[in-house]
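Chain naming follows the written order as A, B, C and D, and within any one chain the residues start at number 1.
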């Protein structure tokens, strides 16, 4: 048996632990294990890759990598095989589906199966490969925690842990300077990181994509704290958080133009809260800091279990499935059921209820 | 409504986050909230307590404590109300059941309900109070992760995280000095901490109470690593790990006496592995280091959810239950079902299978 | 003896450790110790302050604060007593010198001496107070490490440590995504943080105010790495770093306008390097994250020594001096010699030479 | 030019950063750089070494190692060339001086110069090699900070930082359980680690080799805290701390025997304080945890500067010297002046004075 492993999309802490587990569990069964560089680009576009586009992986290749962030294989979301960018006759850039070709290349390279690690996009590619006769097992990866069908995956815990550490730090400077500190974290469609890091870090307001926000409510919460003698406040904002319709009322005319030029939602919230409260506000964008770094113990263990479970699934003859964490145990889900489901924060979750009971403003008038 | 909160048994990171959540969620409902010092000793033995044996808790009392380790209420397992130590007429120490008296004291102090945070022992006390007419909700606490009926609780994640950091550190010194490093971690009846920290930290052998160990197997694994050019090895041992019957063969005569004098299992394993492998071995006992410190983000969130859920249960008129984490959501379990069930590592768990597939020796001949 | 302590300017990790040491060392001598809120605003503008504008400090007030970031007294640079903002008759804002009034207020409050903790600005205020007959001892504070006359001060080590941790994190994501990561750190006039964190974090280029940069040199270094098979690069930029004269050639016309709107130097470098190298670039601004957080052990010790030394100086009858760290021992420097000297990175320092020998590009053509 | 680098004695965080700097600074000058395994054993006893006993080092060999603990070359103090163990005719183990042979082997291998990184012992070997005509530059290494002639070296800051983190953790569990926590740290001849970590961690008593201790004084300090309502105390003990003469009075007869069997000074202090105060005491030995782990930013920078300075010294034709950190700048000291001087904590240092002024008991009756 000869298998290939690929890591796609944005990187997340734990990818290397998955790779290590896949390699060690394969070797133990006498299989041969190879890594494809840069998602599937090592096969589709080998001349663009660093070093060997497809590399043999043995115990030495993965020695000690379980504790390292990133992925030794490289990871990219720039050239999705389902929507591969091509320059067209008229000079514009179009896209084509190259999964048929990818399936052929995998066969030509002698791969009996593929372990594809990635998010929603990678699972869609994996499903397409499965439809074209490739035996493939997916491993879910999403730092945002927004993949459905799995209780948890790796990367999220590390991101929440570091975001919490950053919030802890901003408390002390905010306190000393009587400021409102606004922290923007990842989370385009789901507010998991903002909610968990905000609760853990003792934030006073948390704005998530699931709840359109009114900054008037946040400003009222900040004023209430001021009145109680607490002159600093900490607001955590998910990058995908959006105001309720029609809220852009604070800044008019030329100012609106300036607002548009401000980067993300963090800068916008900082700017508007300064206007609404008259207080000094500062924003920090954690962004890339949350992707890197050594994975937390939790993420290393889950990633290892996923990698080993993927090999176990292949050993059992399975294909077309994604490994997933159920209530304490690893199982599998058909790839066909996975794609396109985003797991957002349920509005009736006890975590949201807890946030409110701790006195955290969620940007609505509740 | 006037409620009391008590924290019992050994401390675990997250206790203060529970207290904070109980207090804030109570205040929000207009309730009055009090803390009992040192388990239930603030009521049973007030003159032995520091400061006020029963203290009013308001928003100021719990400001910022969510990120702090330990418990502001103190915590003790020396004077269990069910088995309270008393000096008898003949000078010896016996024990009596003081839960009846405790129930009376709670009523006399005007408490309508109690939130009792603790482990197995505290849940047994809570069950006894419930039987005596006290409305009580339990919050599970076990750093060892060995409480049944709840998917997870606080403290464990922090302990595993710090143990992993320590193992990471011991790798580099072990590597440089070609040594076998033995790390003893908590876990009297269950090997969860050893298993998770060992896997996350890249240990080469993990010994847990669930699998009686043969050091000959560990020594063979160490020799195999030596033969492959890896001259250091890292062994994680749970404090409750035990050898298979009849294994104490390495040291004879006077030496056995010396062995007995060695502290815990870590020192024993160090000593015997040195004899079996001829390599330099060193052991480190993490013990108390794992109980202290600021809780991880995960533990802060779970602890907050537990605290808020306990108050929510009381608001719904519940009593005689323990809050518990199911598959993603908080629920309750009758206290009568909780006591006496230890959740050990299932021998067929995928985590153990993963450990073996990563090449980790589990001390048996598998 | 009754003394006052004030913390001014931006906050830095270690301020609370100074306060604690001043208080404990004073109490031990039987002195009375008070804290002034928000720099000197507790006296000059008491109605603007939170809670008590001047607060009695005893052992309980400072219990456990040595490990906390920020300052319990608050800290501000908005209302410098030497240049106090006043609204003038015509509505514009002017400024007046209120140090005479401040000296009077200190006397009226019965303070025999003042410990003034802060940076260049605070030392100038301290010198002015000394000239007006107030016995004052300064404690140097600068997170940027740019105060002359002292070998080191607190805050810098914590900032460098956390910046290094952030750089470590950005390596793994940069590596996986083949990106150029640009990290902007504090350092308006001096590049100490950038230089030390960049060297510790293994940066490939470091841009500091002391060396005007040419991005062409940085781009060449990045291309050389690419050619050697290293497709990610990490650039650390001090906020005060500036291009050599005339370098703004990359972007012309409308683009230049857009560039101007980009925030700081980090965004500018990111943008221009993308143009020069054709690689994906991302920037992160660490800013406020570096001010907050628990001080490092080094900073706690230095801060404690400074606080105790300030009290010792007062006990010896000294005034008009700043405590300073010489070669291993604490001494004092006349305040009159302190002001206005910025300690920049010497161009002939062995640290800069080391950076070059490690192959780090410093933005010049050397 | 062809140079060799060797790391000897116990490992310390920063060794790899020295190696990296030596290699990169050498390559930059067009030199060839080799590493000797396991101190000098790669030459003296090659068959005992892992892999290649002498290994070529290039930029790839040292890529990214600056952030790693330990030493890629291995490090040993078991076979000191000056006192090399040999089995004699009668079966006993004697020792011989093999530095003459080592000098010959270095010449035979074509090495023009040697960079020898290590502590007191390694500097003595380096001095001997210098006397025998080998060009050698020493780099000081001591985690205990007890090497004279250099203001600071690497390893100490990392050890103090981690010890402080451990003490921070023990505070919360000690507080919750009303216990006395005793922490034993490294420091056989000098108390630098204990003093700095103890001050930074807010210890209540610190025992160092420089001040013979009386536990009666420590017990009195603990009782005074109890009386003031603080029922936990934290005692930091350097492994080399010793009681004043005749203090072993607590335990008599059979008990004394048991005491002797207790491991180090930490267990002894725990045991005796329990007897003297009647309080629950627990001890933790940090030992090996302090040697490992990723070096702090400070240590990485100092180690890099030392490595580059050693190469610079060689480039200037120097030999027989040790690089050293003076007041902010790197210099060199003749090896002949280095050996045998231990830098202990001066009894009149302001750091000790500060400790007393913070109310820390130093084990004497002062």
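For the reader, a short list of remarks on this structure follows.
As a working rule, a residue touches a chain if its C-beta (ideal position, glycine included) is under 8 Å from a C-beta of that chain, and two chains touch if they have at least 3 such contacts.
Here is each chain with its UniProt name: A, B, C, D = ATP-dependent 6-phosphofructokinase.
For clarity, every value in this text was computed on a predicted model and none was experimentally measured.
When every chain is reduced to the mean of its CA atoms, the largest separation from chain C belongs to B.
Distance between chain centres (mean CA atoms), chain C to chain D: 32 Å. Here the spacing of chain B and chain C, counted between their Cα centres, is 42 Å. Shared interface positions of chain B, defined as residues touching 2 or more other chains, are 168.
Two chains count as a pair here when they touch; such pairs are A-B, A-C, B-D, C-D. Residues 20-21, 24-25, 28, 64, 66-67, 151, 157, 160-161, 163-164, 168, 196-197, 199-202, 296-298, 300-301, 304-305, 308-309, 311-312, 326-330, 349-351, 353-354, 357-359 of chain B touch chain A in their complex.
Chain A makes touch with chain C in their complex at residues 7, 10-11, 13, 15, 38, 50-51, 68-71, 74-76, 162, 165-166, 168-178, 181, 229, 231, 261, 263, 282, 284-285, 287-289, 291-293.
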